[in-house]
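What follows is chain A paired twice: with chain B in the first complex and chain C in the second.
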Partner chain A sequence: MKALILLSSLGVISLLAEIFSFKKLLYPLVLLGLTVAFVLNIGEWNTNVTYFKMMQFDNYAVAFTSLIIVVAFLWFLMAEGFFKDETNQTDHYSLVLFALVGAVLMVSYTNMTMLFLGIEILSIPMYILAGSKKGDIQSNEAAFKYLIMGAFATGFLLFGITLVYGSTGSFNLEEIKNAVSVPGTVPSIFYVGVLLMLVGMSFKVSAAPFHFWAPDVYQGAPTMITAFMATIVKTAAMAAFLRLFDDTFHRVEATWAHVLWIMTALTLLTGNITAVFQTTTKRMLAYSSVAHAGYMLLALLAANGYSSSSILFYTLAYSIGSIATFCIISIVANAKGDDGIHSFNGLAKTNPLLAGVMTIALLSLAGIPPTAGFFAKYFIFTSAFMAGNVGLVLIAILASLIGVYYYFRIIIAMYFKEKASEEEIQVDMNHKLLLIVVAFAIIALGLFPDAVIRLL
Partner chain B sequence: MNSAIQVIPLEWYLLLSTVLFTIGVLGVLFRRNAIIIFMSIELMLNAVNLLLVAFSSFLSDSKGQVFVFFIMAVAAAEVAVGLAILMMVYRNTKSSDINTLNKLKW
Partner chain C sequence: MITLLLIFFPLVAALLLLFVKGQQVRNMALGAAIIEFAIVVFALTQYQQGNTTQFEVSYNWINSLGITFHVGMDGISLLMVLLTTFLVPIIILTSFNREYSNPSYFYSLLLAMQFALVGVFVSLDGFLFYIFWELALIPIYFICLLWGGENRARITFKFFVYTLSGSLLMLGGLIYLYLHTSGTHTFNIQALYLAGQSLDMAHQGFVFWAMFMAFAIKMPIFPFHTWQPDTYTVAPTPGTMMLSGIMLKMGTYGVIRWLLPVVPLGVQDWANVAIGLSVIGIVYASCIAIVQKDFKRLIAYSSIAHVGLISAGILSANVQGVQGAMIQMLSHGVNVVGLFFIADIIQKRFNTRDIASLGGIRNLNPQFAVLFLIVLLGSVALPLTNGFIGEFLLLNGVYQFNAWAAAFAGLSVILGAVYMLRSYQSVMLGETNSITTSFPPLTGSEKGVLLILCAAIIGFGVYPKPLLDIAEPSVVKLVEGVRLAMGK
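For the complex of A and B:
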């Protein structure tokens, strides 16, 4: 809760920076604020405070909030250029900070009202940020599609919430859970409501067949915002999804488990197979992000004691891997003017550091030991296997084999293709530092996964 | 107030809202003009509002009506952002037809 208040205040302070002209101080101030928020948030571990039956900072919420703040910190280190280039930079700071507020609400809600508000507080700034390159028609298109699809999904979610409210008389998760504890007494509109909420949440996590907005939005938005969507938005949406379906709707699992089974299989296959045919790296990572949503749904479907810890680890591994890849893509695309895979040809000879970190990050996303991604997939598959979803685990393993193919296309381009030019790409010192830290974190998480997996 | 709402049985509200919601969904899916798409989304949200008020009245519970205020506030924010984005698109394409937005495809 303290972290939430601090983040909101930081957002307001960023808006004031334009008036009182301390724009130059804002960047260090935000980094400092995020550090303090992280420390305050860690202090709430094991306190389990409930606020007005609306939010509960249990260990689940604290763990995911910490994850979001850490990733946001890394994101700010990466995205310094995004704020420097623009004329209205203070707006961008506050929009990003308010989006973080929404993300924290989404991992800590115990009431449907807070879920709805969290999703909207996260989404509305993201619509604006996706269109923040105002003159660029691709960015416009991304913002427009994101807005229409986001609002459309919210409509489904709200209709679902309403039907659940109508049949149980409450928006509170605990009361809903108790109201449906006796099967046969629940009106049938409740089940319709659960399925509509499933559709709404699937839009938000970009699960097939509701994933079609994701590639367009990811490709059109500025690269830094794409990185934000792939990491923080995905983490928050997945955590909210898990909180709702693994706890509240667990007793009516028969209603949604089969639907989710098919959706998970579809997500895994369409995400991975379509990614193979992409020629631009951003669009390929967008499809890969759809595929990663599929792996996380696998743990969600398992709905056992391992789900939350394995999803926490997976989102962490995926987020830091994505931060590294998007950082390198934006550096390379800025230098070469194109984010196609051919831009990476011969990168290992001109910039061995970039190529090395990119390789580690891609190996992690593909799930190859000793990186964090391997254990992330391992825990997910174990949890699904224990729940008896053997068929789905087999599909997931097949899908991740396809995944290895398209991640290796970039690695092969970097190491074995002829380079187009001899020029070395100039990289800022802080970007170099960030990439080295992230690469170490990926390896360290791969070697000592217990540190995170035992938290929940 | 409650009695006025409860003159009509709950099933009718459910039916009306579902029909309105479906019209909204179909409008989003099939109309090509961006403004009409926004209107359809509003229709979806207002169908939800209507149903929430009906449920709230029949359950004698005020929470549903409070939720309607949240939906209205958020819908207003969303439309404000949406129209701003539409203005931005219009400045670049001189059209509000969504078929001009086809640069992102593979």
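For the complex of A and C:
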């Protein structure tokens, strides 16, 4: 809760920076604020305080909030340039910070109104940020598409919430759970509501067949914002999804489990297969992000004691892997003026550091040991195995083999293809530092996954 | 402690080598590999003859999933580690006759691979085994990708995906066993043995295929061998040697340690099919080897034939078969490294490996001809060379399982002699031609490697007892346990 308050204040402060002209101080201030928020948030571990029956900072919420803050911190380190070039930088700071506030709400809600508010607080800044390259037509398209599709999703979600409220008489998750505890007494519109909410949430995590917005938006938005969407937005949406379905709607699992089974299989296959045919890295990562949502849905569907810890680990592994890849993609694309896979040709010879970190990150995304990504997949598969979803695990294994194919295309381009130019790409010191830290984190999480997995 | 040193010393050396510039890095790599070999020799002196697991170390690693860092060596593991650490310095020495670009990466990857290979052979935890198994793949992939020949991107990628799919199936099998361990789930090897043996025959059959696929692809067994000839041909020679000399043994070792005792009934149920495939592979690969034009490719196919016999021997699940496999793994490691090195020496001098266009080399350099002949005779299993004892025991083991299988497997000896002697005749004998005009004398490192290998071939062929004794008690214990579970 303290982190939530601090993040909101930071957002307001950054709006004031323009008026009181301390714009230059804003960047260190935000980093400091995030550090403090992280510490305050850790302090709430094991306290399990409920606020007005609206939000609950149990260990689940604290763990995901910490994860979001850590990733946000890394994101800010990566995205310094995004704030430098722009004339309206204070707006951008505050929009990002408010989006973080929304993300924190989404992982800690115990009331469906808070879920809705969280999603909206997160989404509206993202609509704006996706279009923040105002002169670029693709960026505008991305923002517009994201807005329309997002509005649709919200519509579904709201409709679902209404029906659930109508049939149970409450927005509170605990009360809804109790109201449906006796089978046979639940009005049928409740089930319709649950399914509508499932559709709404699937939009947000970009699960097939509701993923069509993702590639265009990911490609059109500024790379830094794409990275934000792939990491923080996905984490928050997944955590919210899990909180709702694995706890509140768990008793009516029969209603949604089959639907989700099919959606998971579809997401895994379409995401991975379509990614194979992409020629630009950002679009490829967009489809891979769809695929990763599929793996996480596997754990959600398992709905057992391992789901939350495995999703926590997965989102962490996926987020830091994505931070590294997007950082390198933006560096390479800036230098070469193009984010096609061929831009990476011969990178290993000109920039061994970039190529090395990219390799580690891609191996992690592909799930090859001893990286974090391997254990992430391993935990997910084990939890699905325990729930008896053997068929889905087999599909997921097949899908990850396809995944290896397209991730390795970049690796092969970096090490094998002839370089286009001799020129070494200049990389800032902080980016270098960030990449080294992230690479170490990926390996360290792969060697000692227990540190995170035993939290939940 | 000694096991930990054995595992991590190559890794530390590999990381340090990254910071060395220039070609002198190869001397350092050689030094590191020799030190590693010395550690194994020291371990041998400390090893107490018997069937127990020694040098055991166990640390908690991932508590919540019952995964421990549990390593140790019995006779079987020790022999495999001995083979690995004996071959790696030799392989590094063979690389001295070529200059590789970015040598620090090259040697670092070689040592990193040694780290993973040793890890595979000493793991006593199913999950740890899997991790090392996968880890071994990454360095060799990059060795082939960065320093390989034509078309390497496509071929090495095929190799990578092939082996990765096998590994994932094995992981599925391991998880399945893990979920059937009693009490708190664990990946401990003994617990997995119990879990596997408690399954009924049909379920053991599923686990058998899940795990066997991984091993069969690695070895490779017909019909999962299609990645192998291309990869062996395209890889740089040291990479080919690592692949054929050591990495192939991961598969055979996996069958001995992680398949026979885990699902004995599954093995019993499916041995016909698996041995059948192995024997088909022997005949098939030998026939293809006969018509090969490229000498390196010929060796690759001969390797499929040899490993088919090893696999058939192990799967027949009797002491002779498994003990023969242990010996043949050592011999094959030494011989195949020798053969690939000879192919490399020839290619370096004449820029071709085409068997038909060579000839008369014996007239140019009789010394080389003799060394080549010794390696070749080891490979065709002439008595008093190292290949003989292994093949004899293997055929004996297979015969106990099924006489017909043994009869067909025995063809490997005859066909092996055919393609090997024919290629020797074509390459070394006859008149010199326009390509083989002159043969620069063997360099010091080349001569050194060939002499060491020939000494090993003859020494092991004449007096194999010391090495046989290391593994025998462990093999007997393992096979007896398996046969007991099979109800024999």
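Rule of thumb we're sticking to: the second predicted complex is superposed on the first by the 456 of 456 C-alpha atoms of A that agree within 3 Å, B and C clash if a C-alpha of one lies under 4 Å from a C-alpha of the other, contacts with A are read in each partner's own complex, and residues count from 1 in each chain.
Convention: a contact is a pair of C-beta atoms (placed from the backbone, for glycine too) under 8 Å apart; a residue touches a chain by one contact, two chains touch by 3 or more.
Small disclaimer: the values here were computed from a predicted structure and weren't measured.
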If chain A is used to align the two complexes, do chain B and chain C fit next to each other or clash?
fit
Of the partners chain B and chain C, which touch A:453 in the superposed model: first, second, both, neither?
second
Using the touch definition from the top, say if A:412 reaches chain B (first), chain C (second), both or neither.
second
Superposed model, chain A: greater residue contact from chain B or chain C
B
Once the shared chain is lined up, is A:131 touching chain B (first), chain C (second), both, or neither of them?
first
First (chain B), second (chain C), both or neither: which does A:363 touch?
second
Which holds for A:143: it touches chain B only (first), chain C only (second), both, or neither?
first
Regarding the shared-chain residue A:400, is it in contact with chain B (first), chain C (second), both, or neither?
second
What is the contact status of A:107 with respect to chain B (first) and chain C (second): first, second, both, or neither?
neither
Overlay on shared chain A, then closest C-alpha pair between chain B and chain C (Å)
25
Which chain A residues lie in the overlap of the chain B contact set and the chain C contact set?
none
For chain C, which residues count as touching chain A in their complex?
61-65, 130-131, 134-135, 138, 142, 145-146, 152-153, 157, 160-161, 164-165, 168-169, 171-172, 175-176, 179
Which stretch or stretches of chain A touch chain C in the complex?
309, 363, 368-370, 374, 378, 381-382, 385-386, 393-394, 397, 400-401, 404-405, 408, 412, 415-416, 449-450, 453-454
Give the list of chain A residues in touch with chain B in this complex.
112-113, 116-117, 120, 124, 127-128, 131, 134-135, 137-138, 140-145, 147-148, 151-152, 154-155, 158-159, 161-163, 165-166, 169-171, 189, 215-216, 219-220, 277-279, 283
In the complex, the residues of chain B that touch chain A are 14, 21, 24-25, 28, 34, 37, 41, 44-45, 47-48, 51-52, 55, 59, 61, 63-64, 66-67, 70-71, 74, 77-78, 81-82, 84-86, 88-89, 92-93, 98, 101-106
